[in-house]
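Note that chain A is present in both complexes that follow, paired respectively with chain B and with chain C.
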Partner chain A sequence: MISRLEESPLFRIACPRHIVFFGASNNFNRMGSIMLSSIQSLGFEGPIYPVHPKEETVRGLKAYRSVMDLPEVPDLSIIVLPTELVCDALEECGQKGIKHAIVVSGGFRELGPEGEVRQERLASIAKKYEIKVLGPNCLGVANPHHKFNPTPIELEGRPGFVGLASQSGSFITQMFNYLHLHGMGFSTAFSVGNEAILDLVDCLEYLGACPKTKVITLYIEGIRRGKDFMRVARDIVGRKPIVALYVGGSDTGKKASLSHTGALSGPDEIYDAVFKQCGIIRARTLVELFDFALALGTLPPPKGNRVAIQTHSGGPGATAADACGRAGLQLPDLMPRTVERLRAYLPHTASTSNPVDLTFSKNNREYFSGIPDVLLSDDQVDMLLIYMLSPVVFIRRFLREGGIGESELERLEDTAVKELTRMMLDLPKKYRKPVVGYTFRSLQEKMTRDLLEGGIPIYPDAERAAKALAAHVRYHQIKSEFHTRHVE
Partner chain B sequence: MTDPISLIQTARKEGRKSLSEYESKQFLAAFGIPVCKEVIVKSSDEAAHEAEKMGFPVVLKASGAKLTHKTEAGAVVINLKSKEEVKKEGERLLSIEGCEALSVQEMVPGARELVCGLTRDPHFGPAVMFGLGGIFTEILKDTVFRIAPLEERDAFEMMDEIRARKILDPFRGEEAADRNILAKTLVAVGEIGLKYEDVAEIDINPLKIRPDGKLVAVDALVILT
Partner chain C sequence: MISRLEESPLFRIACPRHIVFFGASNNFNRMGSIMLSSIQSLGFEGPIYPVHPKEETVRGLKAYRSVMDLPEVPDLSIIVLPTELVCDALEECGQKGIKHAIVVSGGFRELGPEGEVRQERLASIAKKYEIKVLGPNCLGVANPHHKFNPTPIELEGRPGFVGLASQSGSFITQMFNYLHLHGMGFSTAFSVGNEAILDLVDCLEYLGACPKTKVITLYIEGIRRGKDFMRVARDIVGRKPIVALYVGGSDTGKKASLSHTGALSGPDEIYDAVFKQCGIIRARTLVELFDFALALGTLPPPKGNRVAIQTHSGGPGATAADACGRAGLQLPDLMPRTVERLRAYLPHTASTSNPVDLTFSKNNREYFSGIPDVLLSDDQVDMLLIYMLSPVVFIRRFLREGGIGESELERLEDTAVKELTRMMLDLPKKYRKPVVGYTFRSLQEKMTRDLLEGGIPIYPDAERAAKALAAHVRYHQIKSEFHTRHVE
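Showing the complex of A and B:
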């Protein structure tokens, strides 16, 4: 197990200082050109050396006829060439002394026996020159913290805390926008492709050592180095949460068996066992994968599984209570002192049992600061789940009714929202308890967006919020069990 | 106690791909897994004699290398209460095609049946199964797995993960299942998988819970690689 990022074979793949690029041209209608443009648009800070047989410049960069002509030995080679040219290019990289490569090109093992032979040749070249290869048939890596994104899609949003190792390239590139809209971003994301040399286990190990990665997500279709995977995952889980989505368990493997046990052991059951034994949280969908990552990457550790729910209306409260129950979370009774203190804030129609239902919100400041503060101070409450009725809409209407002109409206609204946001962001810090919101409105509304970026997860549904909280609780149980075992 | 290796070698020599039920139970017993009393005899007279020694009621089964699906072949008779019954059924079983001997077994009381087994995953290695046993195992599919080696805590987690977990609690006048023996059994099955490359799969079904909560393997099958 590596202790420092620099020891990982992926270090100079994720954090290269200089790059040679095969397969980009001045024709933008080419995969290579699109990928090079992604690197340029994120502002990669090191030199990029395109290799091209004819062009003098490629996308404004000085082009080289051969990798042999480069003025230095780059850390990384990115190869996006037609399949039949890939092995020769890798061979030249080896002769130049390049030690890392991303092979984006397809046409290898995924194509059957003919591709298999080609992949074996690729692997033998890589071994001969000791080149660490990611791919072939992959999208490589995205490392926003290093301003490095050679994937075909431009990066959106800020660098984040979510590490991803994926056996599908799409789940890197297609998630840039999704993560941004949900208040997250990648720390580093790997697409492993055919795993000719480097595989998902290497990526997991890298992410375990990566200081920017607070939570690791995995998209798995099949792991070949099973025992290594388990060893590495177990080593990481005591320090950092791992969430995995496994897909691909078919029943075909079950039929050939002579025993009941064999007949009942599909890959899905085996992966379920592997995840449990390694302390990996299993997600059932891609949405869940990142819902869990959001909670695990932002929330302070919970002391238990007891949730207080705060709403201004019955329906959202009842559905949240139902979702929490199904997720295995408890709704504790509030302590008498808490109920007493709440009365000062609540109208006589309100319910002071849990869920706390205001029925009518007298005051935004109280809803987002005073009341949650009282709830979080209760020793029976480990976490707060709060319904985000839409403060921005209310503020705007109040201002308008108060005769504020449209020119002033925006500024006053901003000031009010900023203050509410600041007050609310203080709560989890003050009590060191998880606070999570849910809403049916857009996550891009002013205050919601600010809260997301400030580290309060807000989900588009109580069900999703409850499951994420349950995953968070589960991880911290696992973590303390792992630590107890190590002490033993 | 029989040496587990010699059981495998004998089966190999005879060109068999699995151990007989009797051998399978001997094999498992060598690892501390509780198995029911069983005696193999050649004639119905001997069967009647052994049954009396064991105490009635007994179970009588036809035994033979090719008889793997005994229930379907009508080769299992339960609840025989006298020497005469054993003798009569023994004659009938010996006439079944493929029957080479008779197995006399104690009739294990208890209403609850579990299953436990071993399979091999090409990438993760031997894996242990635990769940609800009996004839509906594959229909109800209430089973969970762990990759070997298992720690005892893994075994206890498995017991809590099946839907029918309450079957391990006190039930209709029968005592709670002995979870410690169950855990040791599951751990042992995993160890067999790690230690014996020759063992491809194991089924212990049913693994019965006696009314006093003790466990006993009533039927077992060890399949070789």
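Showing the complex of A and C:
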């Protein structure tokens, strides 16, 4: 295992100081041009050297006829050329002394026997010159913390804590927007493609050592180095959670992934057993993958699996209770002292059993601070799940009814929401217990958005919140088991 | 069974011509005032008579000291008074000759023995005067087509095709925004509360006869008239799909629903069997309930369960294939003629097996019209599931690169998107086969929003799309079985 990021073969792929780029031109309607434009638009801070057979400049950068003409040896070569030109370009990179490459171009093993031969040639060139290659048939990497995004989609949102190693490039690029909308961001994300040289295990090892990565997510269609995968995963899991999505197990998933990267998938049960033995949390869908990552990357460790549910509406309370039950979480009875203290806050029609149902919420401060504070102080309660009908809906109506004009309304609403947010963000800090919200409204509404960015996960339904809490509990059980084994 | 809406005891509750309102005042910080304001803001077209002990006017409307003073006998009385005043108000309504009432106030059977006695008194008054009462402890009804929304939340979005009968009021009001964001709207939604007189079965019967309702959704915590429920449901299912969410079956769900409306829930297996016998599609979560409704309310009947998946990204294709497999759908091999025709559209790195994976999409017209047209023409293909990375992401970058200014850009982008939308909306009409999209981006983006409003369901992930398609297939199997039985 590596102890420092610098030891990883991927270090200068994820954090290059300078880049040579093959396949960009001044015609934007080409993959290479689009990818170079993404690098530029994120503001990559090192020099970029485009190689082009004819142009003097490419996208405003001085172009070179050959990699041999470059004024220095760049850390990384990015190759987005037509398939038949890839091997020659890599050969030249080797001659120049370049030690890292991302090969984006497809047309290799994923195409069958003919592509297989081509991929073998690529691998032998890489080995001859000791070039660490990511790909071919991949989108490479996105490292927002290094302002480095050579993928065809522009980065959205802030750098974050989610590491990803993926056998699908789309699950990097097409998640920029998704993660942003859900209050997350990538630390570093790798697309491994056909794994001619570097593979999923190398990425996993890198993310295990990466200080920006709080939780590792994996999208797997087939693992090639099983033993190494398990060794590396087991080493990481005691320190950092790993969540994996594997789709090759079902007949339909298998068929799809074979034609995708040519990975040979195995029976679902085998992967299930592998994940269990390594302490990897399994997600069944992409949505679960990142739902679990959000909880694992933001919440304090839970002491147990007992959840208090707070709601002002019976239906959302009952469905959350049902979802928690199905996810294996418990709904404890509240202690008598808690029930007594709650009485001060609740109308006579309310329920002080768990779920605590106010039936109608009149006082936002009590709802988002006073009542959750009482619930979190209960020793029977390990976690709080709170239903959030955005208070903005009512605040705005009240202000309008009071005759407040639209401009002033905006300001007063913001002030009210900021105060509620601040009060709610104090709760998990005060009690060191997980606090999670759920809502059926858009996550982009005021307050919900602020809470997400402040570190309280809000899920767009009770089911997803309950499953994420259950994954969080499971990981911390696994973690303590791993520690116990180490002590023995 | 009723054959016309007018025969339903709920007709003048959902479609009143005039209303008397108890419990609103000029203080907005009261439930009654908020509810009256919702009625006004949606533009209810009949007269509203507020009853108030002191005020001359309430929210700009002439107020009356007593219901006896009203100039006419209103169709409907809405009562939002403190618990202890409710029975007297209903008694007065009876004396006036009013035949329909919504009792919003809580404090009845849901509170235990004391409330039980109060509810019996309420029911006996209702029976004495033959008043059809919805509630108590409910939010009543929302009928957007009649511009009638007496609930505490203002209506959002357009009137729609989703009927709802719910044992939770929140699942009416707090779904206005949710349904709107997901491209749906209520036809009519009922909150039944404690069901002292009218119950879930009456609502089901109403929705079965309602011409605006294309699909019926039910939120159930416990059914009181089991036999009647089954009789009515079976009568409807041959004509109109019913989807039900039942949460009382799990231990945690049971506990929560008991304190909510005092409904006695039964073992999950019994409800499961009841649903199966009636041909009701069961949803496991609220999200599924409305996901299924979207498919059932918009898609043409499928001929079978064979899905073609179209994607330009391997990962989303593989996860969709996996999700379809788990949902019980089949991925047929495409016919040789289809594969041949596809070749003209696809790059050499693409896959012409199912999922059809373009690997990269350059031509939006081909992606949203040419290719799906070929796939839908295949006799092996009953339905099309298409991955949608919003084309706007690329169109905007291309236009910007071309030096187009921001204002012109908006217009050109709109023109391009409108054309693609129109082409795609033609597909299900041309082939009479279900076409469904999935995306990981916001459903509020251009094109996605237009497609949703034009009648092509787009789901925010493959799993949800696959489950909804499976529910759609299941319903049409059930429907044909019901027809066969009727013929026998």
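What to note about this one:
To be clear about the criterion, the second predicted complex is superposed on the first by the 471 of 488 C-alpha atoms of A that agree within 3 Å, B and C clash if a C-alpha of one lies under 4 Å from a C-alpha of the other, contacts with A are read in each partner's own complex, and residues count from 1 in each chain.
The working rule: a residue touches a chain if its C-beta (ideal position, glycine included) is under 8 Å from a C-beta of that chain, and two chains touch if they have at least 3 such contacts.
Note that the coordinates shown come from a computational prediction; the quantities given were computed from them, not determined experimentally.
The partner of chain A that touches more of its residues, comparing chain B with chain C, is C. Of the two partner chains placed by superposition, only chain B is touched by A:M230; chain C is not. In the superposition on chain A, contact of A:R239 is made with neither chain B nor chain C. Within the superposed three-chain model, A:Q277 lies in touch with chain B and out of touch with chain C [touch as defined at top].
Look at A:I34: by the touch rule set out above, it reaches chain C but stays clear of chain B.
When both complexes are overlaid on chain A, the residue A:E269 reaches chain B alone and has no touch with chain C. In the superposition on chain A, contact of A:K429 is made with neither chain B nor chain C. Across the two superposed structures, the residue set of chain A contacted by chain B and also by chain C is 257, 259-261. Those residues of chain A whose C-beta lies close enough to touch chain B in the complex are 222-227, 230, 257-265, 267, 269-270, 272-274, 276-277. Within the complex, the chain C residues that touch chain A are 28-29, 31, 34, 37, 106-107, 110-111, 137, 153-154, 166-171, 174-175, 177-178, 181, 219, 221, 245, 247-253, 255-257, 259-261, 284-287, 309, 313-326, 331, 348-349, 351, 353-355, 357, 359-360, 362, 389, 393, 397-398, 401-402, 440-442, 444, 461-463. The touching residues of chain B, when paired with chain A in their complex, are 17-18, 115, 117-119, 121, 123-125, 127, 129, 131, 137-138, 141, 143-147, 154, 157, 201-203, 205, 221, 223.
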